[in-house]
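By written order: A, B, C, D, E and F. Residues from 1 in each chain.
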Amino acid sequence: MFVHKIDEELELKLIGLEDVEELYELADRSRDHLGTWLPWIEHTKSEADTKDFIKSAMKRYGEANGMVVCIVFKGEIAGTIDLHELDWNNKKTSIGYWMGERFKGQGLLTRSCKALFTYAFRELNLNRIEIRADVRNTKSRAVPERLGFVNEGTIRAAAMLYDEPSDHVVYGMLAGEWHDDKD
Amino acid sequence: MFVHKIDEELELKLIGLEDVEELYELADRSRDHLGTWLPWIEHTKSEADTKDFIKSAMKRYGEANGMVVCIVFKGEIAGTIDLHELDWNNKKTSIGYWMGERFKGQGLLTRSCKALFTYAFRELNLNRIEIRADVRNTKSRAVPERLGFVNEGTIRAAAMLYDEPSDHVVYGMLAGEWHDDKD
Amino acid sequence: MFVHKIDEELELKLIGLEDVEELYELADRSRDHLGTWLPWIEHTKSEADTKDFIKSAMKRYGEANGMVVCIVFKGEIAGTIDLHELDWNNKKTSIGYWMGERFKGQGLLTRSCKALFTYAFRELNLNRIEIRADVRNTKSRAVPERLGFVNEGTIRAAAMLYDEPSDHVVYGMLAGEWHDDKD
Amino acid sequence: MFVHKIDEELELKLIGLEDVEELYELADRSRDHLGTWLPWIEHTKSEADTKDFIKSAMKRYGEANGMVVCIVFKGEIAGTIDLHELDWNNKKTSIGYWMGERFKGQGLLTRSCKALFTYAFRELNLNRIEIRADVRNTKSRAVPERLGFVNEGTIRAAAMLYDEPSDHVVYGMLAGEWHDDKD
Amino acid sequence: MFVHKIDEELELKLIGLEDVEELYELADRSRDHLGTWLPWIEHTKSEADTKDFIKSAMKRYGEANGMVVCIVFKGEIAGTIDLHELDWNNKKTSIGYWMGERFKGQGLLTRSCKALFTYAFRELNLNRIEIRADVRNTKSRAVPERLGFVNEGTIRAAAMLYDEPSDHVVYGMLAGEWHDDKD
Amino acid sequence: MFVHKIDEELELKLIGLEDVEELYELADRSRDHLGTWLPWIEHTKSEADTKDFIKSAMKRYGEANGMVVCIVFKGEIAGTIDLHELDWNNKKTSIGYWMGERFKGQGLLTRSCKALFTYAFRELNLNRIEIRADVRNTKSRAVPERLGFVNEGTIRAAAMLYDEPSDHVVYGMLAGEWHDDKD
């Protein structure tokens, strides 16, 4: 298995077709908790939908235009982190993530993001990582805040969420600001 | 000619292959003035480059994924405005523009933007228009400020400009805030 | 709105996605009258079909390989004119058109064609416009005849129409013959 | 070799990559004679150009959208006949041809066309074959006239030939009119 | 018809859309006999499936990447031979075939293969022809054995056949070994 | 870094754009030693060629149709292993590999293959792995022989190598025969 080991119990794994079943089940069990902010869960009705997502994630990776990793905790998939776009010209990417319900509250996502961001700054040589979250989504906003990202502003009506405009807080971190060993 | 008439001397015209020569000449004469903030001018070395740009603009229009209009003043092309992306799901677009040097200082760009934005809000039914400019580019920033856009924040290192990070101010205008007759 | 204004009550408008609803309704109400010579009406069963047609028309426009305009009379879509193909090498195009039933008999189509042909000869610099019609379709043939096109011959069995061969009269107009102010 | 045998000395052969060398040489030796009416000869500067042509011909055949055959006389390629387009909906095709200079004046092209048209009407079940020729190209016009095609009219400025408009006579033959054994 | 004539009663014909009906019927009548080794027969449920196959075969031919011929015996299609792949770099191809049930036992396939292989070695200038068959498929193996191919080995689990691994015997013939007149 | 750790000094790494420079240098220094059996080295003239190769490898990975890993020894790239094709229907793949000259003779390739094959059988659930080598290439043949692969036969003239036919020994290993802990 091709992984980025974080510590004895936590590692990041490039998403692949072997993850379809486990990932679908994780999402399926977390529908209520995910649905508030992630409308894609409504369109994820069977393993076939998860398979389509993984194929598109692999395709983006194959074009050096994205990367999705599974957060693997004690051998189980706990969630995913998505580098939505790899903008090599401007040396930046933006990040999305979600965790299965039963894996929340243990800091797994923050530890995983820390490791992945170090990889993105140090190995991919990116200069900027951006995280956006609905202004009301306090749990999602907690991740960049805990990691020292700068709140750069609020993009109003940045997206439509269930037919209502959603305002997005933009958090940014630059390579020069990142401390690899930060806690 | 398919145009959106603004007043007796000013109109917007969908870009087309018939504009290659005039547009190249306009850009060619404005190299110094454009080059500071618009790196594409360096790659525009002949009419063939302008033709490629127009073809790609027409292709985006044909896919309902963008729109480039020429600002036509007293029958001459004075500049262009570009709807970079038409995000129908989120009902938004972002805008770029440039003016030929000898057409600056007469308010043509602001009047043209006003007309185009009314079209975008009222006929395309968009909900948000975004304008981004380098934080140091005061002339470009003046357009959204004059039109009452909200300064929503500053995205640091949003782009690389001649190998240096460029910070972008983000201005936003929502459909509900727009006054069609505003001056 | 991007239009080519003909007079106070008549204008041509580049077709766009905003026209789906109105255009479908126009065609839907004119089924009997259109069906004799235009088999596509049978395959236009819902707005989705009209949307597909408009998308393909926009795509052709985006490739500089065609152009569909709506005839707009007093603010309502009255019909369409289609430049089927833009053959830039040979500087020619061929034309198709249809009118909604309640807009017929007022000369709108002829006036619209006149304006569009002037645009095609003078701005697109085409050298030849061709109109073909089934030899029995006297109403369709009346348009080129009224505008002074030359009857160049009859192509036998040029198309299959509801499984029967259809003979096409070919009318041609050359740039040098066209009088912009002709009535 | 996959051929359609006409008689002891004449056969038609589906064009293939094995014909590159011989076909290029035939065209190369007939430059003067071909150039008047066939501008492609100017762009055929080496075997690579002939190879590209054959590849595109094979691709059209593979899409059931055309067919190019070599006229083979006593084992040598004497010319080609091209079914430019196979319009299955309208059951028609149009034909082009050329002969190498030293194979002219023996009736080979007419005999070959006769065999190919019988194939097109009887085996491909087409209903119409069209041949177009510049009105001044008497040698090319002689073929359909000898075979009893109907002169259906003259399309003015149907093409640009070396930057001058070329008028095309259109000849048509329908399945019901064709006599397989005609001489 | 474009054919490769073998003798008075047998010829090879490039597959085409005109063969859909006859080929489907031949396969349909031979289901039991074909199904043991050729799983595609299960997915051939109507003429539409045969048409799709023929289209894909024509497309491969158009790309110079394969060739399917019908074995025509006394005017009837008796089976097909498929050059699966034309590997021009390595000058080789591999062959598959099937016969309709009522045409078996007369040596038609062997005679047809002989003619086609001579064509492949002498006209296409290939250097190697490969035939693979399930180790238990004695009838299929009889063809290369009768024609003097060398048994080069057995690839274990080379394919899954109805969810069971199938071992393939590989037979090879090189250009230098082939006797055109061999019986 | 996304890796498959084998032991303290050896790991497999999915190939990526970050490997261009190091991989080109490794190949460049091993030209003489690689060239005998691997003609691609002649076409690898600059980092741009290596970049193209890596892009195509990533694209195949993105389509679940292949996988290239770097063998990383004490932090340095020592060679690559390529799963040329992932045939999911038939549950098999074939393998290629090469080592930089200064990393040979230490068993690194064999240990790496062992780890990768266990991954392919146990995690990708493949049923067959195939290795082919020129019959004269004793060093390459040593790998499958050391790992207990079965010599299944010799495909004559399986490829053209510098314009001469090359015979390939085929080695196969099935999932049921593989011992994960084998040495």
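Quick note on the criterion: a residue touches a chain if its C-beta (ideal position, glycine included) is under 8 Å from a C-beta of that chain, and two chains touch if they have at least 3 such contacts.
Only a predicted model underlies this, so the values are computations on that prediction, with no experimental measurement involved.
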Other chains in touch with both chain D and chain F: E
Interface numbering overlap (same over half, different under half) for chain B and chain C: same
Chain centre separation in whole Å, for chain E relative to chain B (CA means): 61
Centroid spacing, where centroids are CA-atom means, of chain C and chain D in whole angstrom: 33
Chain B-chain F separation of Cα centroids, rounded to whole Å: 51
Residues of chain D that touch chain E when the two form their complex: 1-5, 12-14, 16-18, 55, 58-64, 119, 123-125
Chain A residues within the chain B interface of the complex: 89-92, 127-128, 130, 150, 152-160, 165, 170, 172, 174
